[in-house]
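Chain naming follows the written order as A, B, C and D, and within any one chain the residues start at number 1.
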Amino acid sequence: MNITITFRNRRNPFIPIEAEMITPDAFFNNKEICVGEGNRMVHLTELADVGIDGTASSVDEIEILIRGDAALVKRVGEYMTGGKITIEGNIGMHCGNFMSGGKIEIHGSADGWLGREMKGGEIICHENAGDYCASGYRGGRRGMRGGSVEVFGSVGDFTCEHIAGGEVMIHGNTGDFACAEMKGGIVTIFGDTSRVCANMSGGTCYVYGSAVEMIPTFEKKGTISHDGLLFHHFRGDVANRGNGDLYTVRFTYLQ
Amino acid sequence: MAEILLKNAYVIDPISGINGEVMDIAISGSRIVEDASPHSEVIDCQGLLTLPGGIDSHTHTSGTKVNFGRYMSPEDMRAGRTSKKGHMHITSGYSVPTTYGNSYRYSALGYTSLVEGAMAPLEARHTHEEFKFTPLQDSFANALFDGNWGMLRAFEDGDIKRAAAIIAWTLTAVKGFAIKLTNPGGTEAWGFGKNISCINETIPTFDLTPAEIIKGAIKANELLHLPHSVHLHCNNLGTPGNFSCTIGTFGHVPDVNDKRQSLYATHVQFHSYGGSGWGDFCSKSEPVANMVNFRPQIVIDMGQVMFGRTTTMTADGPMEFNLYRLHHDKWSNHDVELETGSGIIPVNYRRKNLVNSIMWAIGLELALLVKSPWQCLLTTDNPNGAPFVKYPEIIALLMSKKYRDAEFETVHQDTEKRVPLPAIERELDWHDIAVMTRAGQARALGIIDLGKGHLSPGAEADIAIYPIKPDEIDPSAEYEKIIQGFAQTEYTIKRGRIVSRRGDAIIDGENTTFWVKPKVPAAYDMQHDTVFQELFERYYSVRMSNYPVQEEYLHRNHCIETETDL
Amino acid sequence: MEIRDVPCPFCGCLCDDISVRLEDNRITGVENCCTLGNAKFLSKSRLQHPIMRKDGKWIEVTYEEAIDETARILSDAMRPLLYGWSGTIGEAQVVGVHLAEEIGALIDSTTSVCHNPSILAIQEVGHPGCTLGQVKNRADLVVYWGCNPIEAHPRHMSRYTTYADGYFIDNTATDRKVIVVDIRRSDGAKIADEFIQVKPGGDYLILSALRAMVRGKDEVVPDSVAGVEKVQLQRVADLMMKAKFGAVFFGLGVTMSRGKYKNVRNAIELVSELNRKTKFTISAMRGHFNVYGFNEVLTWMAGYPFAVDFSRGIAFYNPGETSVIDLLERKEPDACLVVASDPGAHFPKSTIEHMASIPTVQIDPCVNATTALCQVQIPVAITGVESAGTAYRMDGVPIRMKKVIETEFPTDQEILERIVTRIREMRSDG
Amino acid sequence: MTFILISGRTIPQGSFVEHKLSKGYQRATSTLFIHSLDLYELGIESGDRVNVTSSFGSVVLTTETTEDIQTGCVYIALGPYANAITGGYTHATGMPDYKDIIVEIEPTEDPVPTVWDLMEMVGGVRYGN
């Protein structure tokens, strides 16, 4: 089953839309798709043209294509367990929250909290992702727990905060405090990063570029060769009784 | 004036000596009356179990510490959110619900009165503000005195009457209901990061032992003729081997009141541990229960632990710090100058964890091994052992050996060697449960005469009607029905009005705050005592005149004036 | 006439020992107060009547007209924002939360732009704190980190710390040590036993280093951290561990710097670590007199201390998404009610640009910068001077604010209640 | 010259908080504290005006010399002047970057705007004078 959702222009384009029902699961279960626009609930069709083509015998046979301006459409793919969502342009916050299966592919950029508390499945973002990519919730002690996120552009601050499992690849740079409080999982940053792995207790992080403002409480464990490059190996965060591994090609301290 | 006639109610009212009689109950205004008026709204109860409104004699629902538990836990808040519905406001929170959440959910369980277990006097205003937003239950606040410098100094000087006078002034000022001691001496020692490990150990900053504080407080309590006894959270909470401290404490308690106990010991599950460390940790519920069986002057509550996530919060600051060191999770602490401490940490009690499994067993054992249900009341020390919404499951565990055995199969396999639970055959009956959830509380709190905990004419019309037909259920086998039945009343009636119907709060309600005011002769009025004034002047960070909770905070309230022996 | 023990409605210290002299229902003198509180008690300028903007000009209107207009604005909005709250009492805040719930609004307070990071940090690791009297009676070491009590909380040191008498402190001048960490050599730094001048962005790194040192892992720390010599940090760690009772107070220097709540989190974790060695507490230097009160009220009513979105009928909390600056920066709100604060003077330019472009209403006694951004302003009684109610001190101690003079002005609580009533009337009229 | 701008609370700013449209508040919040060596580098004296520009805007301020801050950093009281050059991006934390703003500073003869001027620049309408 192919579903095409095309968001139309709105009178007030700044009011966000909360669309947690845009998931293959909801369409598979034939639910009435309602979304929140500000403090009102409306049927999705009031804001978007929805085309449905074919049938599906399982959630994995459902593909959703999102077109039009979806930069303020939040929570798309929340709790999805299978199937596929493709977004032609940009997507709003919390895309793929709690997802446990299936695939989300974003051809533009994603706003904050992409793949928050994700448990499984796959997210690919071809441009940039905002702050808190693959992170947790406020006060939560475990962020992303499984699955994979790959961002071809750069990401904002607090990327992979509280990450406890799964795999994340960032092809560009990260903002400040990437992998803060990291507990598990594997994060690879191909660009530069800042104050990376602060307070980490476990997990593994590779930085192919430069780690600026290195946290001063990591133990130096020498160098290793990996992927044809020489990485400095750090263990920490000692301040937090941590046992995580940070490998970085270059690093500088704030002086 | 609203008038209601409940017909064909299957009534258990232990205080009135009614056990399973199908009868009618007439309500006029806020009270139960002899005869129904012809204009009454008639509700046919069709033989459903009808009990006096539930009373929780030890819970944490309001005040600084509880609110901080919410404040620091957005992950708990999002776990229990409901939206606005009719008269019901939005609620958030699972283990520490918002005030409306507490009130609605307790009401759905048939509870109409709540005792906030620990109110720091300096922060009492906060507790009363939250009471205002707990519309469906009457409120009582235990005021913390464990580290009260004025009282401790009087004890040091051997002046029990002065101590009583200070307690009287403080209770009146903060609109408190009873004397609460939490880890007496320990919270004061925690002011410098220390704790007390034995009731006979002298505390670092006063020439006193916990035993002396407890004995002194019991005497002062009786001098003031307070309705409730001293309400004690023993020293060494949560420590392996603490049962000897608990038994030692109970041994110090005289029998000085013929209407009720002389000491109420709370959440005794947490105080009935054997072993010398976590390695040989085991249940010592048997000696503790035996001690209670021999000592009618003691009433305890269970402090039952149930599996799952919750938040622990207590005035026992040093104990919470120990828990923090074990879990290395988030930890809050809040010492209150000249008075007490407090701490909060989230916990997750796991079936696969041996210590947690033993804790779970101990609470049940206490309830089953204490012979008289009047001496062991049902609590989880909400939310410390579990959120109160688990009460129906606890009731089912106490009524069904089969259910206990089924649950026992799921806990840590070594539990069996450390606890007596599997060997206990006793199953509590409907009457026992009615005692342990309302009648026993009313007696222990000394509020029977205020019309609480019973259904005789003149009593407050606080009534819970459950969708349970006792004659048609075998609790021992059909424990699922017990859980369902106690989870949601058909009707909860508060002060003569139906406040909750099948889980939904249907009116805004308005509660009453009960507080005490001992009548103290002028010579013992601390308001004009220069030494007492100096304590404020020099060491408190608020002025004495700004300390008392103003009447504005009370709205509907009932002041219990007591005659004193000062 | 003199009224004694009046709590001061200025800063989070909530000093409750102020004496106010009155003549003919006017304040003629104030005693015990600092410069900041004094200025507030003796303030004379205020807005005399409700005003509304019409065709680019201000006109005077009645309270009824102003309330009508406010109710209409809020009812029509799809994403109304109710902001401010720190300068009013809990009782009014309660009405505000009920209003937000009823109309599906966003509600946030000045917390968002002061100690929001402290709350985010506390939500991750908790908060080992205490009441201020505990510090006064016991602390032999006081640390002021990224705050300047002399400027922002002028009586903090004399009432609660450095210069305050304490039960277990024989000589407050010699028995209490003071450590100051700041980017500026402020006046407080000049009296400190140890002053760490930190570089922008250096707080986090220094805190990590101190934590490692308290754990006895000095060897991992490089010779200098963010420009601070390792030996100085070792000296500071040693002072901390040797204290019998240490109290850390921190301010906007920690919360507003790069990394925001991560800085606070690290400070809290340092304090938690120190508790394994001795007694330590940490406290936020809250600004407005009742900024903490709003956090308390919203928490017991909705479960979260600030930045709550009621638009979906339940409480949703996610600072960074539901917090005032982010909302305005993204131009989400289509109406705004400002109560007891002055965002015009305190928010970044781009955000107040949006406020000026949507219907904004302000409830405040005085003309302030926000006045210029509004369509309507409703003047009210001055809380804590002309009206009574509950405020929470920076350490959570609730204190009843007093009414010391009579006024004709309605309280903000009354105005809010009238707005709620009017909105209900409009809705039942369809 | 490039500097790092820090903002914070000050006594004068606090005591004029209830009088945001007064000259006193304007003075208290439009004063830029700067190290004497930096003043020298800029070729101006304490009390001279400077134009301060960040990537979010620019504003004219009056300088005042201080030794309490490191060279390369400048300090200003919290208020509308600081906000004229503060951005609204919060790194998704809710808290804008009030501290650590990178600014360019150059001497100017332009006058310091009033608070009303600043509010009108964002689309507001002054009340009274």
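Basically, a contact is a pair of C-beta atoms (placed from the backbone, for glycine too) under 8 Å apart; a residue touches a chain by one contact, two chains touch by 3 or more.
Bear in mind the structure is a predicted one, so any value in this text is a computation, not a measurement.
> With centres defined by CA atoms only, which chain is the most remote from chain D?
B
> Which chain has its Cα centroid closest to the overall Cα centroid?
C
> Could you compare the number of C-beta pairs in contact for B-C with that for A-C and name the larger?
B-C
> For chain B and chain C, what's the span in angstrom between their mean Cα positions?
34
> Any idea how many Å lie between the Cα centroids of chain A and chain C?
The computed centroid separation for chain A versus chain C comes out at 33 Å.
> How far is the middle of chain C from the middle of chain D, if each middle is the mean of its Cα atoms, in Å?
The answer is 22 Å.
> Distance-wise, how many Å sit between the C-alpha centres of chain B and chain D, to the nearest whole number?
56
> Tell me, which residues of chain C touch at least two other chains?
120, 123-124, 199, 201, 258, 310, 312, 317, 319-321
> Which residues does chain D have that touch at least 2 chains other than itself?
Expected reply: 91-92.
> Give me the residue numbers in chain A that touch at least two other chains, ranges are fine.
In chain A, residues 112-113, 131-132, 137-139, 141, 176, 241 touch at least two other chains, as defined above.
> Kindly provide every pair of chains that touch.
A-B, A-C, A-D, B-C, C-D
> Any idea which chain C residues touch chain D in the complex?
By the definition above, chain C touches chain D via 10-11, 35-36, 38-40, 43, 45, 51, 53, 56-58, 112-113, 116-117, 120, 148, 150-152, 154, 183-186, 189, 197, 199-201, 251-253, 255-258, 260-261, 287, 307, 319-321, 323-326, 328-329, 342, 344-353, 356-357, 366-369, 371-373, 377.
> Would you mind writing out the residues of chain B in touch with chain A in their complex?
On the chain B side, the touching residues are 72-75, 78, 328-330.
> Quick one: which bits of chain A touch chain D in the complex? Just the residue numbers, please.
Listed in rising order, the residues are 112-113, 130-132, 156-158, 175-176.
> Hey, which residues of chain C end up touching chain B in the complex?
Its residues touching chain B are 4-5, 7, 16-17, 90, 94, 98, 101-102, 119, 122-134, 136-138, 159-160, 165-168, 244-245, 272, 275-276, 278-279, 281, 295-296, 299-305, 310, 312-315, 317, 388, 390, 392, 396-400.
> Which residues of chain D touch chain A in their complex?
Chain D residues touching chain A: 91-92.
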